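The letters A, B and C name the chains in turn, as written, and every chain counts its residues from 1.
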Amino acid sequence: MAISRSEVEHVAKLARLKFSQEEIEEFTVQLSKIIDYVNKLNELDTENVEPTAHIVPIYNVFREDEVKPSMDRDKILMNALYKENGCFKVPKIIE
Amino acid sequence: MIGLEVHAELLTESKIFCSCTTKFGGEPNTHVCPVCLGLPGTLPVLNKKVVEYAVRAGLALNCTIANFSKMDRKNYFYPDLPKAYQISQYDLPLCSNGYVEIEVDGKVKKIGIKRIHIEEDAGKLLHENTDGSLVDYNRAGVPLIEIVSEPDMSTPEEAYQYLTKLKSILEYTEVSDCKMQEGSLRVDTNVSVRPVGSTELGTKIELKNLNSFKAVQKALEYEIKRQVKVLEEGGTIVQETRRWNESKGITEPMRTKEEAHDYRYFPEPDLVPIIVTDEWKEEIRKSLPEMPHHKRERFIAEYGLPEYDAKIITSSKKMADFFEKCVLEYDSPKAVSNWLMGEFSRLMNETGKEIDEVPVTPQMLAKLLKLIDNGVISGSIAKTVFEEMFGTGKEPEVVVEEKGLKQIANENELREIIKKVIAENPKSVEDYKNGKEKAMGFLVGQVMKATKGKANPQLTNQILKEELSK
Amino acid sequence: MELYSLTIHELRELLKKREVSALEVTKSYLERIKEVEPKIDALVTITEDFALQKAKEADEKIKKGEDTALTGIPVIIKDNISTEGIKTTCSSKMLENYIPPYNATVVEKLLEEGVIILGKSNLDEFAMGSSTENSAFKTTKNPWDLSRVPGGSSGGSAAAIAADEAAFALGSDTGGSIRQPASLCGVVGMKPTYGLVSRYGLVAFASSLDQIGPFTKDVTDCAIVLNTIIGHDPKDSTSLKIDKPDYTSYLKEDIKGLRIGVAKEFFGEGIEEGVKETVQESIKVLQNLGAEIIDISIPYVEYALPAYYIIASAEASSNLARYDGIRYGHIAEKYEDLIDMYMVTRSEGFGKEVKRRIMLGTYALSSGYYDAYYKKALKVRTLIKNDFEKAFEKCDVIIGPTSPTVAFKIGERANDPLAMYLADIYTVSVNIAGLPGISIPCGLSDGLPVGLQIIGRHFEEGKILNVAYAFEQANKFNAKPQAIGVQDNEVRSSDWLRGPCRTFDREQNLL
């Protein structure tokens, strides 16, 4: 297996996903297959190759520092299920 | 060894990636748009001023400005982070390898600045509600610079001096207003101790919840003592984040998070690289205002201020600006500096106000000083007038008029009062005539008392002498 | 001839001459949708009231002589493109009830021209898939054979155009999501150069690869739509400032002397014989038109698919992290604490394929693996980009099949992620290199459409359109999908088509 069960569990936690034991099994098998497949890239020597993060080489795209009206709060909040006093509401957080 | 991480909010009008205002306060979620709310499909566009301000700070802090820089995503889940990633900079920050000079016990020490990078602020969580926490995204997307020092400070005092100097420079360059009470300046620190002579690095402890520079200093003092004690007792320091408890004056361990952070940084595909050309850099350098130490030297040379005065007046740019504007109207620099360091500073400390929050303008202070020179009021009455100006913002002549504080400079009027004082104090008159110079002071005091301080001092002296020699 | 079967340029003629009104056109399409939709399930939302209102506005515009190239033309928009006030679900349970308070830039551009939005089309959840089977709501069927997939992820848009449910549609293409379904459904689909069309409002899957593009009934229409949707957008930092060409000026039959590259790598393992033959015949057609056919090689292209799955999944894992139910979208009802709320919400809201990619992407970016996977993939991206640059020194465009197979059976690859990924083998390299590519129908194999892919240099959409147009004129593709008829009286009377934005789901068995 290219990836272990415990690694799958760790990655799930990082990604904030919850799986049943069966799903963990299934993902371990499937991800292992996919990782084996993508490991094909290791056939290539890329030692002296620069990575390409942006395919079109442009830079310095800015906006001017100008204030424009924000959106109506009703619209900002309209898709939230839990809200109170103009705020989004989440479970109590103890800091 | 002490290292500091300072987050400063930049003084731009709009947010870093959208056009919402950066104004502090405002009803919750009213400074929010689809972009800073991270709605699906929205994209960031970088505010040019953010880059300029960061470069400005970098230049003022003697940094190397990166020719090629980029934005990265820092991924973590928290309700105050709408996209579940913070757009920040990882391996290619805008500025690096700078330093700040501080003075400790009369000696100059360089504190290294490892890097300065730009990033977006998160929203705010409100906890007053009983059955849940509330999220306000007004602050989400306000531009920040994070200034990371080298662990070059060896005492809490040095940390304090570093922060004071850093704040002064950020204010000088006008990139941040550095108001800790509004959260526009935030400090985290990490500290480790090691036995003298040891070259091994100690375990780093991170300290949080530091709400003032004094708190930083006190927390560090406490933490160093604590760590030394643990080591002396043969214990080991556990790497952790501790919280400064201001009221108890101690640091306490914070709840340890169950998982180690893994921010999964990667280049932000929605933003293109930043290239700061030499031309752009020079343009920004030219826009830099005079730095504190240059200003100090100039104030000594140009205004003839003593070094002590020059240092205090230039410690804040706003104070220095105030001084120069005032001197323009009233050409006696030392008198102006005396007032700024004296009454002005005393009242600012008492009220906790910054100089730009005080209603007294440089022109008003100049007018007040002219009133003294012209004999309209005495120096001591001037303090009363100033206090009123400080509280109400009224012009000095208005205060003088309203409160009837004008000096009695009418010779006949004053002579009548003095004659009365002489008549009432035969003993002192006797003493004076017997050569006791002190008696003169007493009699002047009596005249002032009778006039509620309004008597012109020179005239009073002159008439008194005349009358006593009769 | 029914109105709904016409192309944009044909409809525009009629509208301009005032022989038909936009309202009549719109009603014709709404009728057609009513007829065929129960069979193909291409749409997630139908915006009938909104469409009728817009049609009236379009007619006003035409009356005043203020009409432009797309005024009064009905469109269907992939449901991962934001439409203000109209649900944008990404075919995910996560966004089942999400109504954006803003329009994507492309939608703004279309509305300004007076385009009529008929509805939103089905897709693989968050555009992850190649068959539209990964939709949380329904599986779209291929109008050529209802037991087969329409391709994906823009399967709804492709099927809708093949079935004449709109004059054109918008889709998005991250690894082939426009071209592959266009190929499988026998319509024209183009992925423009990365940065040509604004991504603002396109719900991000893989930001460095995503591009919006059109589905049309012919090449001319493709050029017409492109004219409207391209252009620099100050809201998208990766959108480029270029002089806007008139793409219709490239619609010429003359391709004499044009150098067309044929890469052997695009005819490799896994290609169906019928597809291969049809494409090879198409190459002959182009040769007969005077084009010079040049054998080329793009050796690193075989690494495009694994590189793609790393880059796309990594970006997706970050782009999809925002779905926590707090500000919008599905939220769990039962959970223990904050972390649990995130986990339950996300596990309930996302489907399997989405979770699989989030897992792969999170893994590829996680501490200790970044260099081995993500950075490595970005380096391979450089190799592939260089490969294409070298190839384009020898030729003006590159052609080959869009997909190694014709439409496959529903369910055939559903349980084998890797087999499904192979459907994009000829299309992903184009996204990796940010190039423009089109798929045009070039014939049938076993009664199912085969697509010809034409790839160009950055910003040379014009050249692609030139070749595509010349081919289309020489080799008219007149076949129509037979699996959906024009009869089907039994659904006529039903009133299931009411409301401004109705969402269909599996429970409502409309057939």
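Just so it is clear, a residue touches a chain if its C-beta (ideal position, glycine included) is under 8 Å from a C-beta of that chain, and two chains touch if they have at least 3 such contacts.
For clarity, every value in this text was computed on a predicted model and none was experimentally measured.
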{"item": "Distance-maximising chain from chain C - centres being C-alpha averages", "value": "B"}
{"item": "Most central chain, judged by mean C-alpha position against the global CA mean", "value": "A"}
{"item": "Where chain B and chain C are represented by their mean Cα positions, the distance between them in whole Å", "value": "56"}
{"item": "Distance between the centres, which are taken as Cα means, of chain B and chain A, whole angstrom", "value": "40"}
{"item": "Distance between chain centroids, defined by C-alpha means - chain A, chain C (Å)", "value": "23"}
{"item": "Of all residues in chain C, the ones touching two or more other chains", "value": "98, 101-102, 208, 234, 237-238, 317, 321, 324, 326-328, 338-339, 342, 362, 366"}
{"item": "Residue numbers of chain A (touch at least two other chains)", "value": "14, 16, 53-54, 58, 61, 63, 71, 76, 82, 88, 90-91, 93"}
{"item": "Residues of chain B engaged with two or more neighbouring chains", "value": "34, 37, 45-46, 77, 79, 135, 262, 264, 269, 271-272"}
{"item": "Contact footprint of chain A on chain C as seen in their complex", "value": "97-99, 101-102, 193-195, 208, 234, 237-238, 240, 300, 303, 306-307, 309-310, 317, 321, 324-329, 331, 335, 337-344, 346-347, 350, 355-356, 358-360, 362-363, 366, 373, 375-383, 385, 417-418, 432-434, 458"}
{"item": "Chain B residues within the chain A interface of the complex", "value": "12-14, 19-21, 27-34, 37, 45-51, 70, 77, 79, 125-127, 129, 131-137, 259, 262, 264, 267, 269, 271-275"}
{"item": "For the chain B and chain C complex, residues of the former touching the latter", "value": "34, 37-46, 73, 75, 77, 79, 82-85, 135, 262, 264-266, 269-272"}
{"item": "Chain C residues within the chain B interface of the complex", "value": "80-82, 88, 90, 95, 98, 100-102, 104, 199-204, 206-208, 234-238, 314-315, 317-318, 321-322, 324, 326-328, 338-339, 342, 362, 365-367, 370, 374"}
{"item": "For the chain A and chain C complex, residues of the former touching the latter", "value": "3, 7-8, 11-12, 14-19, 27, 30-31, 33-35, 37-44, 46, 49-56, 58, 61, 63, 71, 75-76, 78-82, 88, 90-91, 93"}
